[in-house]
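Data block below; observations after.
As written, the chains take the letters A, B, C, D and E, and residue 1 is the first residue of each chain.
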Amino acid sequence: MSLYLILIPFVSSLILLLARPAASRSIALAASLANLAITLFAFSGFNGDGSFNHEFSVPWVSSAGIHFRLGLDGISLLMVLLSNLLAPLIILSSGGEKYHPEARYFGLLLMMLGALNGVFMALDGLLFYVFYELALIPIYFICAIWGGDNRIRVTLKFFIYTFAGSLFMLVALIYMYLQTPGTHSFLWEDLVSVQLSNGAAWWVALAFFLAFAVKMPIFPFHTWQPDTYTTAPTGGTMLLAGIMLKMGTYGVIRWMIPLAPEALHDLSPIFISLAVFGIVYASIIAIKQTDLKRLIAYSSIAHVGLIAAGIFAWNKVGVQGSLLQMLNHGINVVGLFYVVEVLERRLGTRSLSEMGGIAKSAPNFAALFMIIMLGAVAVPLTNGFPGEFLLLNGVWNYNPWLGALAGLTIIFGAVYMLRAYGLVMFGKPNDSTLHFEDINIREWVVLGAVALMVLVFGFFPQWILNITDGSVNRILSVVQF
Amino acid sequence: MLKAVPIEYFVYLCTLLFVIGVFGVLTRRNAIVVLMCIELMLNAVNLLLAAFSTYLSDAQGQILVFFIMVVAAAEAAVGLGILVMIYRNTKSTDISLLDQLRN
Amino acid sequence: MKALLILFVTAIVVLFAGLSAKRQTLVLLALGGVLIALGATVSDLFVGDTTGWNEMYATMFRFDSYALAFGAVILLTTALLFGLSGWGFRHLSDTLGDNYGLILFSICGAFCMFSFTNMIMLFLGIEILSIPLYVLAGSRRDNLASNEAALKYFLMGSFATGILLFGITLVYGSCGTFDLQGIASAVQSGRATGNMFSIGILLIVAGLSFKVSAVPFHFWAPDVYSGSPNMITAFMATVVKTAGFAAFYRLFSTAFVDSGEVWNVAIAAIAALTMTLANTTALFQKDFKRMMAYSSISHAGYLLLAILVAGQTGAASAILLYTLAYSIATVCAFAVYMTVAEQNADGSFSAFNGLSKKEPLLAAVMAISVLSLAGIPPTVGFFGKYFLFTAAFEAYPWLIVLAVINSAISIYYYFKVIIAMYFTSDENAYTVSVPVAFRWVMLVGILLIGLLTVSPDTILGLIP
Amino acid sequence: MQSLLPLIPFLPLLGFLINGIFGRKYFSKTTVGLVGSAPLLVSFLLSLAAFNQVATSGPISFSLYQFLAVDSLQVPFGFLIDQLSVWMMLIVTGVGFLIHVYSIGYMHDDDGMWRFFAYLNLFIFSMLLLVMGDNFLMLFFGWEGVGLCSYLLIGFWYTNVEFGKAARKAFIMNRIGDLGLLLGIFLIYKTFGSIQYAQVFGQLGTLEIGAGVVTTICLLLFVGAIGKSAQIPLYTWLPDAMAGPTPVSALIHAATMVTAGIYLIARCNGLYSLSPDALHMVAIVGLATSLFAAFIGLRQNDIKKVLAYSTVSQLGLMFLALGMGAYSSAMFHVTTHAFFKALLFLGAGSVIHALGGEQDIRNMGGLRKALPITFWIFLIGTFAISGFPLLSGFFSKDEIFAHVYDHGGTSWWALASFGGLLTAVYMCRLLYVTFFGDFRGTEDQKHHLHESPAVMTIPLIILAGLSVVGGLLNLPHFLHIEPASWMAHWFAGNGVTGASVIPMGEIGIDASTEWMLMGIATAVALAVIAVSYVLYSKPANLPVEDAELSGLSKLFANKFYVDEIYDALFVNPTARLSKMLHYYADVWGLDGVVNGVGKGVMELGGYFRRLQNGNIEYYLLGMVAGIMLLLLSVFV
Amino acid sequence: MTLALFLTLAVISVITALLVVLSRNPIHSVLYLILTFFTIAGLYIMLNAQFLAVVHIIVYSGAIMVLFLFVMMLLNLNKDTEPQKSIYWKVGGGLAAGMLLVTLVGAMRGGIELQASATPDSNVGLVENLGKVLFTDFVVPFEIAGILFLAAMVGAVLVGKRDLKL
C-alpha cells in the first residue's frame, strides 16, 4: 500500500511529462485523489501503537545494506495525510495560463508529491536522503520556470543552499551507517541503536541540524526563503511552505533526534534558542512588509520556528503539538497563499498599498480569507490554536522564559496578520478593487475546503493527535536525553 | 667495474641529465627543441634503467629500455608530424604563440 | 584478452576498409567490432574465460574481473560514442577509417592499462592509449584550435611520460622488479623502504595524475578538451579518464598498497586541490565544453578518494560505478551538446537557450545527464559519489566534507545549462534536428542511467 | 433537561451560522433580526432552567468530547454550570437578548445587518464558552473568541480605516493580555497537573505550593484580566472601541466581555486568596484605573467616549473590590453595571440614532423634549451609576466602598470614593449637557429629531427597571431587609469541588460605620447631582473647544497623552525595528553573509582561473612546481 | 680507471646536455644531443650492456635525430634567430630545475639501497640473454608494441595528410 503512494504519482508524472496530454489537470487531480483515497484507506486497520504499518521492503543495494523500505507509523501517516490532502487542493488551485505548458507543471507537481510521500515513509536512511533530494528537483523547476522576478538567481540560491545543507546530512548518515555493526545497514532501527560517543554525536547532530535548519528554515539559515516564496509561482509556494518545509521538521523527529540523542542534551538549548529567536525576529520583520506574499513568507518562518522549538523541547506535549501544527500550518499556509494568488490574478499586484476595500465587493472571499487568517493567527477553535497551545506549553515546560518569548508570536502574529487583512479587505475601495470579482466556483472549492479544515481541525484536534499518539510515545521512549 | 663506480653516481648523473632535460623543456620556445629535451629526459631514464639492470643483475630493466626506445621513436614520429602540421598553419614552431585556448 | 584481439583486428579491418568503403559501412564495422568485443568481455565476466590465456600471460596482464568490468565500461562507452560517430564524424572523408582505427588502437591501450600485472605493460598501455589521442586531438588539421590542442597535449603528455618513467625506474631500482606482486612483496618484506622508492612512487603519482588530469597536472585538460573535435573530447573525457583511473587504482591497490604512508598525504592533497580548483574555476566558464573539462577534472578529484583507500573493500567497485555513471552521463551530455552546438556554431551556454521548448526530450536528456554528473539523487551519479564517499569516509572524513562542499559548488555551473534550456527564453532563430542515431544513443544512455539507479548492485557486484 | 443545556451556547452559534451563510442573500432584515434574537431568548430561558437546577441540585458539569489529550494534559470540551457561571450566563443571555432586540431597530438601516447579528451571536457563543467552560482552556477559547468578535464588531464599518485600526488595536491589546493568561494556564498545568477547575481548585487545600508560584499564577492571570477588562496599562483600546455600533458598545464593551476579567479572578478566588501580594496588585491597578479613567472622563465630549471611560473606571472599581477580597461584591457590581451601563449605552445609541450619527455632546442639548423616553431612561442610568440612593448602583458601590474601608483603610476608601464622586460629576455633565439647555445641532438634525421605535425603547425600559431594582439582589445586612446579601449567599453555595464557589466575604465593621459610609456616599451623590445641574445646564458652561483648554483640563481631554506615549514607546519603535531588521539584519546582514560565501567562492575561482592562461610554458612550470611539492612530502 | 672513465663520460654528457639546452641554434642543439647520446652509449658499454649501446646508437643517433634534423631543414629552422625566452624565464626555469634537482638529490641522499641479487650475473646485458627474456617473459609487451607502432604510423600519416577539402 505504501508503495502505491509513491508509484501512482511517479507513474502519472511520467505520463504527463512524456505524453503531455491535454487533460493534464484532470489526470493530476485523479492521481492525487487516488492517493488521498489510499491514504484514508491506510487508516483502516492502522495500528496506532507506534509500530510500522503497511511495510514494504526490498533490498535495493544489498551489498551495501541499502533497502527500499517504506512504512507508516502514526507520524508518517500524518505527514502523508498532509501531503495528500493538500495536493488535490494545490492542483485545483494552480494551473491555467500562468502555468504553460500545464502538463509539465502537473507532471513536476506529481513527481514532487511522490518524492514527498517517499520522504515521509522511508525507513532507510539513504532512501530518505534520496527522496529528500528528489523532492528538490521538481520544485526547483517549478519555481524557476513559472516564477517571477529574479527567479533564476533566487531559485538557484535556494537549490544550492538547501542542497549544500542536506549534503552534510548525507555525511552524517554515512558516518552513522559506518558505525552500525557487522555488514553495515541503513535501516532506521539499526541506525537508531548505534551508540555514539559524545563528540561524534555532536557532529552528527550539527550536520543534521544544518540540513533541516536550512530546509525549514530556522534563523539564521532562512534567508533564501522569503525571496524564494515570493518569486515562486503560487503553486510552488504552496508546495514549499505547505509540505516541503515539513520535510525538515519531520526529519528532525524521525532522524535527527533518534540518531544523535546523545548530543541533544547539550545542543538543544542552542537549537531552541535559535528557533525561538527566529520566531520573534521573523514576526517583527513581517509587521512592516508590503508584499503580501513576503509577509506570509516571514510569518511562515515564525511558525516553523515554533514547530521546531516544540520538537527540540522533546517532551510529549511539544512533539505532539509540533506534529499537529505541521498539518495545520500546511493547511493554513496553502490557504493564505491561495488568497494571494486570487488577489494577484485579479489585481496584478501583491502590494498591500494597492489594495483595500475588497470586503465590499467580494464578501465571500473576505469571509473565507477571514477564517483562514484566523487559523493562522491561532484563534481558538481554529486549527492554528491547539497546535500553538501545545507547542508553547511544550517550550514553556522546557524553559519558561523561552516559552514566554515564543509566546510573543501570538501577539505579533495578530499584529501582522490583522494588518495585512485590514489593508486588503478594509478601508475604501480604490479604482482597481472597486470591481473586484468575488471568487468563482473553483476558488470557492479550494478556499472553502481549507476553511472547513481550519474549523474542523480546530474543533477536533484530538482526531489528529490520536493518529500520532502511539508513535510519539514510542519515539520518545526510544530516545531519552 | 661494478665496484669501482658506486650506483649512486649513476643515480646522480641520471638525475642531473633528467633535470637538464626538464630545464630545457622549461626554457626553450622552439617546439622541436623542447621535444629534444624530452628525449634527453628519456635517455636519462634509459641510462638509469640500464645501470639498475646491471647492478641488480636483472635483465628486465634493459627490456624496458627497449620499449622506451620504441615509444620514443613513435612519439618522435607523431610529434614531428604534429609540428609540421602546425607549421603549415602558423609558419612557426614557437610554443609561446599558441595560447588561443585559454580561459 | 579476446576483446583486445577483436579490437585490434577490427582496427586493422577498419583501416583498410577506410580506403574504399562507404561511411555507413565503416560506422557499422567499427560499432560491430566494439559490440562483439563488449559481448566477449561480458561473457568472460559472467561465464568465465575458458581459453587459459589468462594464466599463460599472467606475468604481464591478467583479465580478471576487475579488468573485464572496466573493459566492459569503456567498450560500452565507446559503443555509445560510435553510435554518435556517424553524424559526429560527418566532416571527415578520407581519414574516417584512420580515425576509427586510432580510436580502436587507443582502446587496446586502455585494455592494457587495467589488466597489467607488470609496470612495463602499464607504460606501454598508457602510450598506446595516448599516442593515437595526440593525433586525434589534432585531427581537424585545418583548425588552429585543434592543432594547438594536439601540440599541447603531445608536449605535456610526453613530458609526463618522462616523469612517469623516471618514477618507474626508481621503483625498479628499489625493488628490482616491474612485477606488481614482486613490488608488493618487496614492500612487505621491508626491502623497498628508502627515499628513492618513495620518490619513485611520487613521480608515478605525478605521471598518472597527468593522465587523469588531477591538479596541478591538469593544465592540458581544459585547453585540449575545448580544442579537440567534439567526438574526441567526449572520448577523452570518458574512456581515457576511466582507463586512467583503472590503471591508477590497479597499481596502487596491488603494488603500493602497503606503502600508503608515502603517497597518502600527496594524493589527499592532490584530491583536495583538484576538487576545489576545478569546481571554482568551472564557475566562470561560458563555454559548455570547457565547463565539461573542468567538470571532468573535478570528478578526478572525487575519484582520487578511492585511490586513497586503494585495496579497501568497495573502493574498486566505487570507481567502477562512478566511472560508468560518469561516462554515460558525459556521452549523453555531449550528444546533446553536439546536436545543439554544431548546428548552431555556438558552444556557449546561451546556445541552449529555450531548448526545452524546441526539443523537450533533448533538453530532458541533457538535464538528466547534468543532474547525474552533479550527483543529485536519485540519479546514478549520486550513487557513484555515495560509494566513493562511503569508501573513503573513515580514513578521510575531512576530505569527504570538502568533497561535499565542492559538490554543492558544482551545482552552480552544472545548472547553467539547465537554466539556459528551461528558464531562459529562446532568442535563437535556429532549429535543431536530432539525427536518428543520436536518439537511440540517448535513449540507451538514459535507460542505463535509470537501470543503474534502480539497481546499482549489478555493477557493484562485478568486482568481488 | 441536562441534554438541553449544551444548546445554551450552541443555539447562538447556530444563529451565527444561519445568518452568516444565508443572511446576505436570502433573508430580509426582519428575518435576520429574528434569527439573531430568537436563540438568545431560548438560551436565556434555558439558563433560567439551569439556574433553577443549580439552585435545587447544585452544580452541573458535562462534557461533549475530549478536546485534547496529551499526556496528563486532558482537556474535555466540557462545561461547568455552577452558581458563578449560571449567573454570568443569565447576564449574558438576558442582557444580550435585550440588546439584540434593540439592535433590530438600531441597525435596521444598515446593509450589513446580517453580518452584525451573525457577529453578535458569535460573540454570545464565545462569551458563553468563556463562562461555562469547566477548564481554563475552554475559558481561553471564549476569552479569545470574544476578543475576536470585539475585533469584528469594532471594525464593523470596515470602509472606515480608522475604525479598522481601532479594531486591530483592541485585538492586539487583548492578545497581550491573552499571552499572560496563556502563560498562567501553562503554569497552572505545571503546578497542578491539570487545567480543569475541579481538579485545580480541588487541590488548593491539599497541595503544597510555594507562595511565589501562586503569586506568579495569579499575576499572569491578572495580566489577562487587565487586557480583557481594560485596566492600566492596557485600557486604551476600550475608548477606541467605541468605533463599533452602539449596541456593541453596550453588550461587549460595557455589560459582558469586559467583565470577563472580573469573572476570571472571581473564578480563581481560591488561588488569589492564597496570594495577598497578587490581591494587593489587583487592588492597586483597580484603584489607579478607576481614578485615572474618571479624570479623563471629565473632559470628553464624545457621548460614547464618556461612557467608555466610565466603564473603564467602573471596571477599576470592580478590580478594587476583587483586590479587597470582596469577590461577590465585584460580581454584584458586574451585575448592576451590566444593567445600567447597557442602559446608558443604549440610551446614547438612541440619541445618536435620533441625531443621525452625531456623537459630540457639544452639538446636542435640550433633547429632553424631543426624546422623552430616552431622557428618562438616561436619567435613571446616570443616577444609578452616580449612586443615587436606592438605585442599583448605590448598593453595589456602597458594598464595595465598605469592603475597601474595611480591608484597605481610610485612605483607600477616600480615594475610591473620590473616584465615585468623579463618576457622578462626568455622568451628570453628560446628562445635563445632552438633554438640557437648547438644541445646538443643525436645523436638519432638529427637523429629524424623533423618538426611537418601540423595538428599541422596550428593551430600554426593561433595563431601566432592572437598574432601579437591581440593588435588591444583594442588600446589605445592616438594612435588615430580607433577603439580605442574597447574591453573596448564592455564590457561597457549594461548587463542584464541594467548597463554596465564592466564600462569603466578611465585613468587619460595625453597622454604625456602615451607616455612616452610606450616608457620606449618599450625600456626595446628591450634592454632585445638584451642583452639576447648576453648572452644566447653563449655556455658559458648555464644554469649550479643545484648543481653548489648558492645564489639567487639557491633560484630561487628551487622555493624559497615553496613546501618544504608547506610540512613541512601543508602536513606532516596533515599526522601525521591523524595517531595520528587514533591511539591515536580514537582507544586508544574514543574506549578505550567504551571498558573501558565494562571492568568496567565485573570487577563489577567479584566482584559479588566471592560472589557465593558455600558455604551455606556464603549464609546464606548474607541473614542475607540483612535482616538487609532491616530493617535499618525503621530507615531512 | 673505470671511475675516471665514468667521470669523464659523465662530465662530457652533462656538458653536452647543457649545450643542447643553451645553444641558440636548433641545429647545434641536435648535434650536441647526438654527442650526448654517444656518451650515454659509452656508459652503456661500461655497464656491460653492449647490445643496448648499439641499439641506442642506431635508434637515437641514426633514426630519431636524423628525423629531427630532417624536420628542421624542412621547416627552415636552422637559424640563430629562434625566438628566445626572456631572461626571467630562463632564470625562473633554471631555478625551478635547480630546485627540482636539489629536491631529488636531497631526497635520495643515503636512501639508495639496491637489492643486489645473490648471484651477480654480468651477462644480463648480452644479446642472447636479453633476447631470451624478451621473447619468453616479455613476448606480450613485444607484441603489444606492435600495436603502438602501427598506431603511431597511422597517426603520423593522418597528421601528415593534406586535407582534401580545405
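Just so we're on the same page, contacts are C-beta pairs under 8 Å (C-beta built on N, C-alpha and C of every residue); 3 or more make two chains touch, one makes a residue touch a chain.
These figures come from a predicted structure and were not determined experimentally.
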Mutual neighbours - chains that touch subunit D and subunit E alike: B, C
Chain-contact steps, minimal, separating subunit E from subunit A: 2
Topological distance between subunit B and subunit D, in contact steps: 1
Maximum inter-chain contact count - chain pair: B-E
Of all other chains, the one whose Cα centre sits farthest from subunit C: D
Farthest chain (mean CA position) relative to subunit B: D
Chain nearest the overall Cα centroid: A
Distance between chain centroids, defined by C-alpha means - subunit A, subunit C (Å): 42
Centre-of-Cα separation between subunit E and subunit B, whole angstrom: 5
Subunit C-subunit D separation of Cα centroids, rounded to whole Å: 78
Approximate Å spacing (C-alpha centroids) for the pair subunit B, subunit C: 27
Set of subunit B residues in contact with two or more other chains: 7, 11, 21-22, 25-26, 29, 35, 52, 56, 58, 60, 63, 67, 71, 74-75, 78, 81-83, 85, 95-96, 98, 100-103
Junction residues of subunit C - those touching two or more other chains: 120, 124, 127, 131, 134-135, 138, 141-142, 150-152, 155, 159, 173, 176, 195-196, 198-199, 222-223, 281, 284, 409
Interface hub residues of subunit E, defined as touching at least two other chains: 85, 89, 92-93, 96-97, 100, 104, 107-108, 112, 114-115, 117, 137-138, 141, 145, 148, 151-152, 155-156, 159
Which chain pairs touch, all of them: A-C, A-D, B-C, B-D, B-E, C-D, C-E, D-E
Contacting residues of subunit D [partner subunit E, same complex]: 617, 621, 624-625, 627-628, 631-632, 634-635
Residues of subunit A defined as touching subunit C within the complex: 17, 59-64, 126, 129-134, 136-137, 141, 144-145, 151-152, 156, 159-160, 163-164, 167-168, 170-171, 174-175, 177-178
Interface residues, subunit B side, partner subunit D - complex: 22, 25-26, 29, 95-96, 98-103
Touching residues on subunit C, where the partner in the complex is subunit B: 120, 123-124, 127, 131, 134-135, 138, 141-142, 144-145, 147-152, 154-155, 158-159, 161-162, 165-166, 168-170, 172-173, 176-178, 196, 222-224, 226-227, 281, 284-285, 290
Subunit D-touching residues of subunit E, taken from the complex the two chains share: 85, 89, 92-93, 96-97, 99-100, 103-104, 106-107
